[in-house]
Amino acid sequence: MATVQMVEYDEASARVRKVYDEIMATRGIDFVPNVWKTFASHPPTLERVWRELQDVMAPGRLDALTKEMIAIAVSATNGCEYCVWSHTAAARKLGLDDEMLGELMAVAGMFNQTNKLAQGYQIEVDELYRNVAKGPAKA
Amino acid sequence: MATVQMVEYDEASARVRKVYDEIMATRGIDFVPNVWKTFASHPPTLERVWRELQDVMAPGRLDALTKEMIAIAVSATNGCEYCVWSHTAAARKLGLDDEMLGELMAVAGMFNQTNKLAQGYQIEVDELYRNVAKGPAKA
Amino acid sequence: MATVQMVEYDEASARVRKVYDEIMATRGIDFVPNVWKTFASHPPTLERVWRELQDVMAPGRLDALTKEMIAIAVSATNGCEYCVWSHTAAARKLGLDDEMLGELMAVAGMFNQTNKLAQGYQIEVDELYRNVAKGPAKA
Amino acid sequence: MATVQMVEYDEASARVRKVYDEIMATRGIDFVPNVWKTFASHPPTLERVWRELQDVMAPGRLDALTKEMIAIAVSATNGCEYCVWSHTAAARKLGLDDEMLGELMAVAGMFNQTNKLAQGYQIEVDELYRNVAKGPAKA
Amino acid sequence: MATVQMVEYDEASARVRKVYDEIMATRGIDFVPNVWKTFASHPPTLERVWRELQDVMAPGRLDALTKEMIAIAVSATNGCEYCVWSHTAAARKLGLDDEMLGELMAVAGMFNQTNKLAQGYQIEVDELYRNVAKGPAKA
Amino acid sequence: MATVQMVEYDEASARVRKVYDEIMATRGIDFVPNVWKTFASHPPTLERVWRELQDVMAPGRLDALTKEMIAIAVSATNGCEYCVWSHTAAARKLGLDDEMLGELMAVAGMFNQTNKLAQGYQIEVDELYRNVAKGPAKA
């Protein structure tokens, strides 16, 4: 269920099926998750978000589990129900256990608290932080 | 500057100085950052937040840099100026370079986008995600 | 259901029924939506919000559908379940189809992403934007 | 400064001056704060928000200082710079000292943390809370 | 239900039961709410959050009902379902009636509106507010 | 200024300059705004966000000014300073005047208020809205 009619595989256009097939193959699943069946109500969104997601989640300097943990922290901060469940499921497949999730949530919870304290007291940025944050000058 | 008078070291009570000294020793810095000089306007907050922070940031299953990256993702999502600068500075000291920060921000940005798409379309959670997210039954 | 007892029409005071009647007449519906039955637990809120809503949604420089689309974008950004459903329903009555909703959500999603990138990198405002944004000097 | 040209008293229309005069008289100040000079760029907004604010802040079951403290907690949670400063100033005039502000911020910070933990773990509401929250059935 | 297996009293370790017993005794209830059964999946979080909560909610300059009302305002602003229900239930036990809740929600709603107007117009802080907010210079 | 060293045109790589040239040509400006000089610290982000933005902002069922107004509403809701200024400047170039901006902000402000009232009272979605929102069944 969603605020649009989700597009089932059997009724999908060739354009949409192409993305559905790629999603199922890449993820190793035999069904199309609701998020993609919803985005398919607007094919350019289906194609764009799938493509961007592939780019952003591709192996790089951060490993896949770290990226999923960041996704959980962001989704918790935004209170997104669908996203918390789907990213937690994805992280479980990559090895996340209750202790790691506990530390992750503790850090996310703690900094939501200090974020609001800093904003509530309107604390001015220390000059040193500005200098250090930017990193060394480029050669 | 803040919405309260910050407490400078020289005018601080013994109770406050005790925390200040611990902060400077732990962090290896010779000044008290504005956030702590602000919290010192309410000593129980100074003591509590410092203590909780030590607990949450202590070495565990997630390493220090991963914890700071999660802090940056949360602070970006909340739009907290002080927090973004201070956690980026802390992460730099732990080795964060522009490429790692780029990947971190890309992931945080991407999932802020998909969070809002999921909430804006009110997508229903797939049953499979609920089952996988909870992890294996305890022995 | 809500965190207060909703006020049904049959048990409502004359003060509350007056607003209920106006809502049903204005909207062309024969039931009172949950939001108003909830606000009726505090009659001044019922009256105030209904009055303000009439003012804000009255015909002006922006047409009714544009106003409802802005309501959807705001509700998506806030993750408000009730609001997303009710404003999407209202926009459907004004002609919103899946393609328009798709573009609307794409724009809302995209700028939630760039908002967080701008806040996460703490990008400084370009001076030119400040000048252009304020518009021409008043005659 | 704002994203529109603020309307100074001397250049204001009679319609706008009427509200400005009322604001200065009610507040006991001899200048027009930036927020109202900004809203005056759209007179219906100036009139509506001022009227609504009078309604909401009028003496009732909650006293003026409690209402301002709630305003600070909301503004801290939203990270609104202007609002934090203006509501903290208003609360100071009503007697808020550093200790009260400290407790207020501690509570606001704490529940921002637990809010995100509850959302991050997607905790299901206890049935008992639903029953108690709604209060006793109306006679 | 939650994204982890909740820890029931009967299967809890001695470490977890100690906190459970304290929660039930302090609150005068004979069951463990879902939030604590969820945090128990990571015992350090269970212990830390319970300890921190006791500190923050202890009698001080603000009374218990005022603290719960601030919790409701924060939870409403964050859209946290669990938190709204649990804090509203707690406030009901302390005497909150529909009229007080109505005023509380009116204030929270109003300042969410003005927060966004101030941020949407990027209104500059009045110098006077900065001076007044900080309170009198310390002796 | 930003939390990274911005990349000036003169020191940019060929890869980055290619995007810079395209931005300046498309926008009809002779400088590179800070947002792009910041993203250039991570070239894949520069390329991806620019590409995605072109896709989302391309002419479609919603006109360019409507899209910029949605961007302003989202940026106001998120409290993003850079974004509010840049999108307001962009909208001005497309004809936005103070009255239109006033209506836009009034709608955005109003629904931020009602969003929080709906979340604060945890109002249940009316069944009718669910049915209407999804639109007609596909042929």
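In order of appearance the chains are A, B, C, D, E and F, and numbering begins at 1 in each one.
Operating definition for what follows: contacts are C-beta pairs under 8 Å (C-beta built on N, C-alpha and C of every residue); 3 or more make two chains touch, one makes a residue touch a chain.
Since we're looking at a predicted model, the values are computed, not measured.
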Neighbouring chains shared between subunit E and subunit F, ordered by label: A, B, C, D
Contact-pair overlap exceeding half with E-F, pair selected from B-F, A-D or A-B: A-D
Same or different contact residues where subunit F meets its copy subunit D, judged by the half mark: different
Contact-richer chain pair [B-D vs A-D]: A-D
Identity of the chain that, by mean CA position, is farthest from subunit C: B
Most remote chain, CA-based centroid, reference being subunit F: E
Centre-to-centre distance between subunit C and subunit B (centres being mean Cα positions), rounded to whole Å: 33
Rounded Å distance between subunit A and subunit E, as computed from the means of their C-alpha atoms: 27
Computed distance of Cα centres, subunit F from subunit A, in Å: 19
Two or more partner chains touched - positions in subunit F: 1-5, 44-45, 48-49, 52, 56, 73, 75, 77-81, 84-85, 88, 98-99, 103, 105-106, 108-110, 112-117, 119-122, 130, 133, 135
List of subunit D residues in touch with subunit C within their complex: 1-5, 11, 44, 48, 52, 55-56, 130, 133-135, 137-138
Touching residues (chain side subunit C, partner subunit F) in the complex: 1-4, 31, 33-35, 38-39, 45, 49, 52-53, 56-57, 60-62, 66-67, 69-71, 73-75, 77-78, 80-83, 85-89, 92-93, 97-100, 103-104, 106-108, 110-126, 128-130, 132-133, 135
Touching residues (chain side subunit E, partner subunit F) in the complex: 72-73, 75-77, 79, 81, 84-85, 105, 108-110, 112-117, 119-122
Footprint of subunit C on subunit E - complex, ascending: 79, 84-85, 88, 98-99, 101-103, 105-106, 109
Subunit C to subunit E touching residues, read off their complex: 3-5, 41-42, 44-45, 48-49, 78-80
